[in-house]
Structure formats: structure tokens, C-alpha cells
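Take this structure first; my questions come after.
In this document, chain identifiers A, B, C and D correspond to the written order of the chains, with residue numbering beginning at 1 in each.
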Amino acid sequence: MNAEQFMRWWICFGQEVHAHLDDLNELDRAIGDGDHGTNMDRGLSKVRELWSLPKTPVENLLELSKTTGMTLLSTVGGASGALWGSAMVQASQKLPVQGTCTTETQIAWLDAIVASMENRGKARIGDKTMIDVLRVGVDILIKGDPPSFSERLNTVASSAREWSEATRSLIAKRGRAAYLGERSQGHVDPGSFSAALWWECLNRAMGE
Amino acid sequence: MNAEQFMRWWICFGQEVHAHLDDLNELDRAIGDGDHGTNMDRGLSKVRELWSLPKTPVENLLELSKTTGMTLLSTVGGASGALWGSAMVQASQKLPVQGTCTTETQIAWLDAIVASMENRGKARIGDKTMIDVLRVGVDILIKGDPPSFSERLNTVASSAREWSEATRSLIAKRGRAAYLGERSQGHVDPGSFSAALWWECLNRAMGE
Amino acid sequence: MKKLLDRVEAVVDDMLDGLAWSFPDYLRRIPQTRVMTRARPKDLGKVGIVSGGGSGHEPAHSGYVGFGMLDAAVAGEVFTSPTPDQILEGIRVADRGAGVLLIIKNYTGDVMNFEIAKDMASAEGILTEAVIVNDDVAVEDSLFTTGRRGIAGTILVHKIAGALAEDGCDLTTVSRGANTAIQNLRSMGFALAPCTPPAAGQPSFTLAENEMEMGIGIHGEPGTRRQPVQPARDLADYVLSRIVEDLQLKAGDSVACLINGMGATPLMELAILAKDVSMWLQNANIPCNFALMGEYMTSLEMAGASVTLLRLRDDLERWLKAPCDTPAMRQGVMHER
Amino acid sequence: MKKLLDRVEAVVDDMLDGLAWSFPDYLRRIPQTRVMTRARPKDLGKVGIVSGGGSGHEPAHSGYVGFGMLDAAVAGEVFTSPTPDQILEGIRVADRGAGVLLIIKNYTGDVMNFEIAKDMASAEGILTEAVIVNDDVAVEDSLFTTGRRGIAGTILVHKIAGALAEDGCDLTTVSRGANTAIQNLRSMGFALAPCTPPAAGQPSFTLAENEMEMGIGIHGEPGTRRQPVQPARDLADYVLSRIVEDLQLKAGDSVACLINGMGATPLMELAILAKDVSMWLQNANIPCNFALMGEYMTSLEMAGASVTLLRLRDDLERWLKAPCDTPAMRQGVMHER
């Protein structure tokens, strides 16, 4: 992954979230407080603004991950802001300060992102959160089968919405939806849906 | 007028107001605060309760008028309560403490009721209040033409709703509707409508 | 109609009991009446202050019973003025030997019922004076009609009269102070959504999604004009222009300001309106030396607000800032450091 | 959506400016932040108290900034927890050299953002402790999920922690007192009508004319159960039964009680609920030694209410009754005679 791919990826993520703003809010209205789209959109558009400044250190992946995290941390708010923001900051240490990073490094970094979220949010697969899409995806990338990274990434990106859809039948254990208990069943978790968009954009950015 | 007629009259008035509860509230909702029916009904049902007690001094017209007034005063509230209540108390002095009263006395007493209202409320004919129905009626009774009281009363009772209806085109000068200025036009004054019911019941009670 | 209540016909009684229970340090309900009075009566020899009106304006008026404001508040049915016998009870309990001031909002029903009660009190030998609050500039002032309504500005009259009375002024002085306040007091309100009186069971008027009522009173009645919904800034501009014109306020005049919610409008929106009001006043070079923002005189669950300005003079400002301790308004030098 | 506002994207900023203007004796907004702090900072050497959360709960939390309660309140977007950088600003200003207690409502977002800010503050050498309020009995308490939510009872934790801090207790003692309060605190709420977050522009849920939501939180979300509308008395009975069972309250135990409006419910209805609560407690022989009734922790213009009980011990009662002086809560021995 190089810096340009990183930026294309996150710009795409911001655009996709913006395009699905109402969908994400609607999902959150059903089992949360209706702001997931607004939250993510607020933060991701700030991330983009950041890069339109002239002085961005575009060649520093560590810095990119860290400032992306800091920006999300200070603009998104809510559960998603804390999780995405602090994960991107913490995991940034895995990335190089110069040049591209290897596939192994990228995977270790992605794993670190999700691990940081798991650590902070205490959610496990099946708790009906974005972890249901993020952890499953990272584990496929880690497993090394098929051997081609881009193929695995393709699989993740093309399956991510299904994983998100699969949260529908679950009872939420973490996040705001957990307060609804059984009433949370029958609705897709909003954070899992935005996480799917994230995988899709990564795949797109890496393929270009 | 004898005591029985007095009581039949006011019981009729209470029943008619109760039957028109929603109409009166509806009229008041348009240009007031929607409670004229509820107010009058609350007071008039208390008046009836009073007479179902065993110890009512039924043969004392003065006392009847006064206790009717006191009851209205302490139960109706609002503009109508103050006007009807204090008028009935004040005018009661015109009535005898024993036996029936003559037509002349009755007319003087009715005039005193309306005069008391005019005095307290400062409304004149044309101000879009119950005075538009009460003063016009009393003046016909006073004028002595046609000579038969019951004929004049008939005229008053059969015209009263028209007088009330005629308030529709007026701009209110007194009471709550006055705050609406020109917006009060096009609506019948609620107090004028209940006043019409009062004339109708008096006519009915005197004819029986 | 969806309301949190038990018996429609007993809302006022149930409410008064609930208020007395909630504010035991402040309020007592006089048994068998609808009069709320101070838990700790004012000193003997001081002027008593009585106000009241229809219910549905909470915290007005029982919320202002206490040190530095009212001695008794008389509650009528919802939006219906109280009856003279109840007002008389309030006057009796408020009389500490120096007479009683009645603070009446200018509605025909209120004025007449209070006047009748005043006559009754006089007949009992209780000295009384009455002042009539008519702060609503939405309605034209005229001798030939009912004149202007009394609305939220009434609270500031309670405050000022209460301070004078607590100071030991005599009835004439207290009454004169209240009238000075009234002469310098103007308000105007608007509604974004109507309210539903419990007994009526239906809204007092209906509005389309983009409509509002300008120039409302406090009894759920429609205003003087229906108009499209506007941003808070434009509403502030309109009502302040009307008030300032009516008061003939000039740059440099200082004011007190009350931003009052009508019931359903959240504090967030009132605060936004307050911001707009503050900027308007600043632009007009009218310093605000005393501000109140919150729900002071409501119309059940109506959505909307009113703005009140009181032109200040040194004495009015001093009385406004004097300490008071009531369920709904508490201020003092308590914890100043 | 009909709201009194200017720019949907700036509601929080406009509100904070309006609050600062309305309560100049109490509040300052730290420039460029969403932190409200005391106009007169607490004495040096006393523990600072910081709370906060999404906006839309006004007067929470900035309404409780002042003597005897909070030193800083941090406001997030509507119904969205504030971000760590803002919370850190609040911690910095609240630190008077004796450390800072964070009072957090138990929502994933709030807890995580406050925890991140706490880490940042520690990195700066500021001593911090955090307590998590989880008073909502509508939600089952469980280690394997998020646990119970924090709702209106939070105000009583502010009060108690604030009193301890003002008394000069050290951070551990203040934190322990707050936790004692939390352990004895339970609440439950219900909604008769939803609210509309400004950015969303539509109600968070819809209800038929005869439906209500039982067991709501404070973010406009639906409750744990939809049910037909019931009289206030039955609602009081249900929520009190749940609370009393969860707290294992026995006859003779004394409590503090908070009857809290969700925004659009008028004081009249809250007072009626208060009456029902008072009668229920009296029948259960549970004396109430301290009552609050009004809007303390709202959900924009949601219609509904919550009831909170705090089991009292001598110390808790003393701290609850200690003086405080904030925009939304003022009590003291000011005018006692």
C-alpha cells in the first residue's frame, strides 16, 4: 500500500458513507440513535479537508494513519468515533514513515486496527457490531488462503455486505443496540454496514 | 314568575348548555380559549346539584337568584363566571323573599342582571359579547310592545339565536376574542350563543 | 390526546397536591382550596402579594410563591381564571397586616374575578390594591377594547413587587413599584405548535408543517397572524423590533430580558433564541443587565417562545436582582465568593 | 421538522453561546471549544468535577456547572458523545490541583471517549478518576453486554460528588462517594411521544395515538417495550415497582426522588406524576426525604418522564441537601428564617 492508495481508499470511504448517509442513519434509528451516518460523514469529510491542504505529508503512511485517526477522534464522536479514531492512531505505529508498506505490514496494521477496537469496545464476533465485518475480514487476510492478497481482499470486499446483512438475525450485545435486547433482532447493525463500505473501498483503492 | 319556574328555567339552561357543550367549546376555540361550554356546564350542573338537596328554600326568589349567582361565581370561573355570577347576586335584591314576582319586577330584575354585566364588563351592543343577545332581549321586554309579556318573551326567545348569529360579522371589542382583532370576524361569539339558550329556556319555563 | 394524568376532571387538584409534595420547603396547599401559600409565611407587617390565573401556565403561578415573590397563588381550571372565593382565600392568607397587592394579568375573566374578590376582601376590612399586567405588544392597546394581554412579563412584576414587599415598603409603594415595572414592560410570543387542554381533548388550533402563529397569548389561542416558519434569528428580529418600538427604547437604554418557553420547546432551542436576542440587542446597543431564560409562563405543551424586555432604571434593576427563593426562581448572594 | 433554530449544523454552538449569555454569573464557554466552565472557578486545591455527553439533554450538563456541582461540562453533537479532545479541555480547566473526577453515563460512546480523554489527561500528569452511572433498570445489568444505561439519576451523582468536592475531600473520597450514590441509584423512564434530532429532521420513532414506549433511554431511541397508554398512576406503579425491586428497598428505607420531564411534558403533568409517586411511596412506607421535580435530563422535545430513587444513607442525604448554585439547580440556606 502506498500513500496515494491510502488516501484514495479513505476518500472513497467518505464518499460511500456520504452516499449512504440516510441509509446509515435509518439503520441506526431502528436500533440506535439515528446518527451513525451523520457521525461518520462529519469525520470523513474532515479527513478529506485535511488532505486538500497543501502541506500534507503524503508520503508518510504512519502519519497518514495517525492524522486520520486524530481527525476522526476529534470530529466523529459517539462509539464509532472513539473506536475508529483511537484504532487508527494506535495501529499507525505499525506503518513506515516513508515509502510504501509491504502486504505483510499492511495486514499486521489492519489486524492492529481491529484488535484495538476489540480491546477498547470489548466486542467479539456475534455481538452485532462492526467487529462482525472487520474481524472476519482481517482474519481472511491473515490466513493467507488463497495466496494472492488481492484475491483475498476481493473475497473480503465482495462478502462484506453479506456479513453485515448477517448481523440482522443477531441480538446485540455491545453498543446502544444492546439496550433493546431482543428488539434489536431483525435489524442490520449500522456500524457493520459502514465497515463493509470500508472494505469495498480498500479493495477498489488497492486495485487501481 | 314563581320559584318553580325559576328552577325549571335554570335546569333547562343547564341541560341545553350540556347538550351544546361541544358546540360552545368549538365556538370558543375559534376566537377564545375553547372553554366556554365547559365553564358554563361546570357551574350550571352545580346549580342543579344545589336544588337536589332537601333543604332548598324554594319559595324565596331572592335567595334563589342569589345562591344561583354565588354558585356560578364560585364554580364557573373565567369571564362568563364573573359576569353571570355577580349579576345574579347583585340583581337578586330586586326579587321578593316570598311568593311569586310580578311581570314588572321580573323585567326590572332581568334589566338589573344585564346592567350589572354591562357595568362590570364594560361591553355595549355590537362589541360581540353575550350583551348582544341579553341587552337586545331585555330592551324588547322593557319596551312593552306588544303588550303581552309572553308574546314579547316569545319574540325574544325565537330571535335570540339570530342575534347570536349576527355577532359573526362583528369585530370583537371585549373579552378574549378582542385580542384577535379582525381575525375574530366570521365567527359567532360563544357567550352570545349560551345567552340565546338562556332566553329560550326562560320562555319555555314561563310557558309551562 | 396523550397526557400523563389520572382523571381529566381532577388535573388541577392532582397537580396542586403534586406541587406541594415536590416543594415541601416552599409550598403549602390550603386544604379544600386551590390556593398555594408559603411554607414559611412572610414576616408580620409586610405587604402580601397574591397572583394567580388559569392553570396550564406552570411554573406560573405557584412556582413563584416564596421569599421575595408571592405569598399566595390562586389556581383556576386550565386556562380559566380562578373564582373570587378562591382568590379571597389567597388574599386572606397573604395578609400579614399591611395589606395585599393583587397582580392580575389583563384578561377580562381574570380582571373581573380578581376585582370581585378585592371587593369581598375590602368588605372584610383587608386593605388591597391591584395592578394589571398588559405587556403583550401583539395586541393593540386601546381604551375602547380590552387592551393588551398580560403574558410572561408578569413574572418580572412578581419579582419586583415581591422585592419591595420583602423590603418592608408599604402597600402604596409596592403597588407603585409594580406599576412602574408594568409601564416599562413589553413582551411578544409565537407558537410553532398548539397545545391540547385536557378537558377539550383536542388541539386549540392546527398548523401545517411550515406554518406558525405570531402574536400568541398564553391560553393556547391562535395568535394575531399566521405565517410561514422562520429562522430563530428572524423571529427574534421581529418581536424585538415590535417591543423596542412600542417601548421607544433608544440606543444606550439598558434592559432586563426574559426568554420564555411555552412548554414543549426544548431548552436547546430557547438557548439558540437567546443567542439571537443577545446579538440583536448588542447590535442595537441596548445592554442587557439581567437575563432569564427557561420556562417561566407556559401554555401546557405548546411549542414556541416569548421574549420580554423591561426597560431598566436603577431601582427596577435593584429589585430584579434582589434575592428570592421560590420553587421556580431562586437567586441571591448565597455562594458568591 | 419545526424547530426554533438558525443553522442545523450549528445548533450546539449556537446553544452554548446562548447559554453563556443567559447565565453570565455562572457560565463561561471556553473559546473554540464546546466546554462550559464556571464563571467563578472553584478554590485551588479542591477536586474538579467534569461531566458531559451528547447535547439535547438540556439543562444537562452545562446547567449543573457551578458551586457545589460541576466545574466543567462538555457538549457533544446532539445525542452524540463528545470527543476526547474536548473532554480533555474540560479536564484541564477543572483541575485545581487536586485531580478531576469524570462522571460518565454508561453508553459505549461516552465511556470510550471519556476513557481516551482520561488517558490523555494522565499523560499530561493530571490525576483523574472516573465513575460510570448506570441507573436505568429498564435494561438488564450484565457483564457480558453493555450493562445498564445512565439516565436522569446522573444529576444526583453530580450533586453528591460536587458537595464532597466543595467540602474539600480528596479525589479518592469524592470518587468513592459518587460510586456509593451510583450503587444506590435506580431510574426508569417512558415516552408518550418521540423527539426529532435536528440533523435527522424526522422523529426517532412513531407511535399510534394510544401507544407509548416503556423503558426509554435519553437519546430518543425506542424503549424496551411498546404498550398502550396508561394513567399516570399505573405508570408510577410500574416504574416504582421495578426500581424498588431492583434496589431491594424495604419498608422504612428512606429515599430521595427525582421526577424528571423528558422535554415536552408540561410541569402540570409532571406534578400529577409526582402526586402518584408520593402516594405510592407513602403506601409502601418508604419516606422521601428529598424530592426534585422538573426538567433535569431531557431528550429534546420528547414527551414523557422518568422516575429516579436514591436509597439514602445519612451521608448521601447530607450531600444531597448541601448548598449548590448552578443555572439549573440552586439550593441553600439562603433565606431560611
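Please note the rule applied: a residue touches a chain if its C-beta (ideal position, glycine included) is under 8 Å from a C-beta of that chain, and two chains touch if they have at least 3 such contacts.
Here the structure is a predicted model, which is why all the values come from computation and not from measurement.
*Asks:* If you take the chains that touch chain A and keep only those that also touch chain D, what is left?
*Replies:* Touching chain A as well as chain D, we find no chain at all.
*Asks:* Farthest chain from chain A, going by the mean of C-alpha atoms per chain?
*Replies:* Using the mean of the C-alpha atoms as each chain's centre, the farthest one from chain A is B.
*Asks:* Just curious, how far off is chain D from chain B if you go by their C-alpha centres, in Å?
*Replies:* Roughly 54 Å, centre to centre.
*Asks:* Quick one: chain A and chain B, Cα centre-to-centre, how many Å?
*Replies:* Measuring from centre to centre gives 76 Å for this pair.
*Asks:* Please compute the C-alpha centroid of chain C, do the same for chain D, then give the distance between them in whole Å.
*Replies:* Spacing between the chain centres: roughly 28 Å.
*Asks:* Could you pull out the residues of chain C that touch at least 2 other chains?
*Replies:* Expected reply: 78.
*Asks:* At least two other chains touched by the same residue of chain B: list those residues.
*Replies:* Not one residue of chain B touches more than one other chain, so the list is empty.
*Asks:* Once you draw an edge for every pair of touching chains, what topology comes out, line, ring, star, complete or other?
*Replies:* If you draw each chain as a dot and join those that touch, you get an open line.
*Asks:* Considering only the defined contacts, which chain C positions touch chain D in the complex?
*Replies:* By the definition above, chain C touches chain D via 2-6, 11, 14-19, 21-24, 40, 43, 55-56, 58-59, 63, 66-68, 78, 192-193, 209-210, 212, 229, 231-233, 235, 259, 263-276, 278, 291-293, 295, 298, 300-301, 303-305, 323-325, 330-332, 334-337.
*Asks:* For chain B, which residues count as touching chain C in their complex?
*Replies:* Against chain C, the touching part of chain B is residues 25, 29, 31-35, 38-39, 42, 73-83, 85-86, 120-121, 172-176, 178-181, 183.
*Asks:* Which of the residues in chain C end up touching chain B in this complex?
*Replies:* Within the complex, chain C contacts chain B at residues 54, 76-86, 107-109, 112-113, 115-116, 136, 138-140, 144-146, 149, 197, 199-200, 204-205, 217, 219-222, 224-225.
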